[in-house]
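Before anything else, here's the structure in question.
Chain naming follows the written order as A, B, C and D, and within any one chain the residues start at number 1.
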Amino acid sequence: MSWSAAQALPAPELDVERWFNTGAPLSLADLRGRVVLLHAFQMLCPACVQRATPQAQQVHERFGRAGVTVVGLHTVFEHHAAMQPVSLAAYIHENRLRFAIGVDRPDGQGGIPMTMRAYAMEGTPTAILIDRQGRERLRRFGHLDDLDLGAALGRLLAEG
Amino acid sequence: MSWSAAQALPAPELDVERWFNTGAPLSLADLRGRVVLLHAFQMLCPACVQRATPQAQQVHERFGRAGVTVVGLHTVFEHHAAMQPVSLAAYIHENRLRFAIGVDRPDGQGGIPMTMRAYAMEGTPTAILIDRQGRERLRRFGHLDDLDLGAALGRLLAEG
Amino acid sequence: MSWSAAQALPAPELDVERWFNTGAPLSLADLRGRVVLLHAFQMLCPACVQRATPQAQQVHERFGRAGVTVVGLHTVFEHHAAMQPVSLAAYIHENRLRFAIGVDRPDGQGGIPMTMRAYAMEGTPTAILIDRQGRERLRRFGHLDDLDLGAALGRLLAEG
Amino acid sequence: MSWSAAQALPAPELDVERWFNTGAPLSLADLRGRVVLLHAFQMLCPACVQRATPQAQQVHERFGRAGVTVVGLHTVFEHHAAMQPVSLAAYIHENRLRFAIGVDRPDGQGGIPMTMRAYAMEGTPTAILIDRQGRERLRRFGHLDDLDLGAALGRLLAEG
């Protein structure tokens, strides 16, 4: 985990086809001043379902008032027909997810969707932490432990 | 848990639209002589995903040679559009489920599917244990603890 | 797991210095007709504390009426000074253990205690299942999974 | 969690009878410049054994290089005879605890030991976070969740 913020580049903007759990579309530009946990997942990815998505929900519930916004990103890059928005909607409902979730815009060819591509993510789940200036500061493909995630959030929140 | 097998009625036959993980359709009639764990679930039911379906997979792996056949039954009674067979297929693949899974036959009106109806199940997950003579001997709506499930399997296997 | 009871030998009798959680000393002879789970442990053995002893307490609570008696055996074979009965008493109290627990009789030389020696156990935790005729039918050094333990209990209970 | 460091008082100095896992006695005075997690526990307190002490070990392993020192404090206030240093030594060995652990100095009357008294702790486990200036900044009696503990550590580390 590097905290040399000097070199950090702005995180690419989100390219989302459709939003759940939010009245208006979200953009990273509008979230300046907030620490953002970008949680990229697929509703049929077991490691997402079992650990990463419940963790994102926890962060939403417990760190929202402290200054963290959780943004879910449904980055479907396989089994496209199986994970259409109608299925995602039921998944969100059944699992009582409350944070904003965007459907990453399909590339139109059944491949990697647009935001996932812009970030060059490796797969799901991926956690990306974005600081109050909109810069990507931490990325983890796979499981990010609660202690480590908490420590990173604490550091970014402390930057004021 | 009553073991007074005398009064037990034959379990209703399965009414399945489509099978996964099996070369030929299964019927309870063909499974006489085996102890059957009938695992009724929905792929977007959190209690199924987190506990009951992994438990069914465990029983399949560890008690198959001892005489237990696990039969999954996808009993979609809500969010029908979200849990079509194309989504179920991806769910089975991603979660590496190896036991036979049948899609309970829809009632054609978006309601409770046919086998679920015949058994008068209360919801998902439901575990039903069927003895070597094809009689229902134990039913649990909700979580059935490993110790209790193991004990019931042990008793039914011991009936020879 | 072999169930060929024909060859099973009688389990050695317990040699216990002091009992907790029971008005009168227990003997396997007096427990004929009951299925016995003999749970050999040490109060400072992490695998006992975390998994095996809580599991023994669960079996005590849930299978007692069905015919299972859980007998704890504190088989101190290392750190003798650290695990004297005064410490065991506090451990039992703090962890709310309710099943009968006997202190395996020391060999007087700081070595392996007498019952542990008679059974030729390999270490702790060890689970030993004894059938209604007093014969050892299953032994596991290390963790015995709930499904497997349940199945073994179910089979032994079914022997009537 | 208040971060208004202005009002924070210096944490009382440790009063320890005997140390484990450290060549020389520790003092908070010597730990200025480090973030300190003071982990007060008893070796027979189930909530300590199951959650808080393993968590302290995790913090020791993973945040030591980042600037956190974990100090265990064995605050025996009940069952004194059961938790003497000879038993604690075996407990530390068996559970492979590597962080420094001090035995809180007994009051000589079988009551609450001296450091626990100076901090007016409510029981065990208690987690106390001390900042780089030696001021108590967070206290939790009972379980402190990994996300919350991580966030607090992250904030204190960020204070530089």
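Points to keep in mind about this one:
The rule we apply is simple: a contact is a pair of C-beta atoms (placed from the backbone, for glycine too) under 8 Å apart; a residue touches a chain by one contact, two chains touch by 3 or more.
Worth saying up front: this structure is predicted, and the values here are computed from it rather than measured.
Touching subunit B and subunit C together: no chain. Both subunit C and subunit D derive from one sequence, and where they touch, over half of the residue numbers involved are common to the two copies.
If you average the CA atoms of subunit B and of subunit D, the two centres end up 50 Å from each other. Separating the CA-averaged centres of subunit A and subunit D is a span of 35 Å.
With chains as nodes and touching pairs as edges, the resulting graph is a single ring in which every chain has exactly two contacts.
For subunit D in complex with subunit A, the touching residues are 58-59, 62-63, 66, 145-159.
Residues of subunit B that touch subunit A in their complex: 44-46, 49-50, 79, 81-83, 86-87, 89-91, 93-95.
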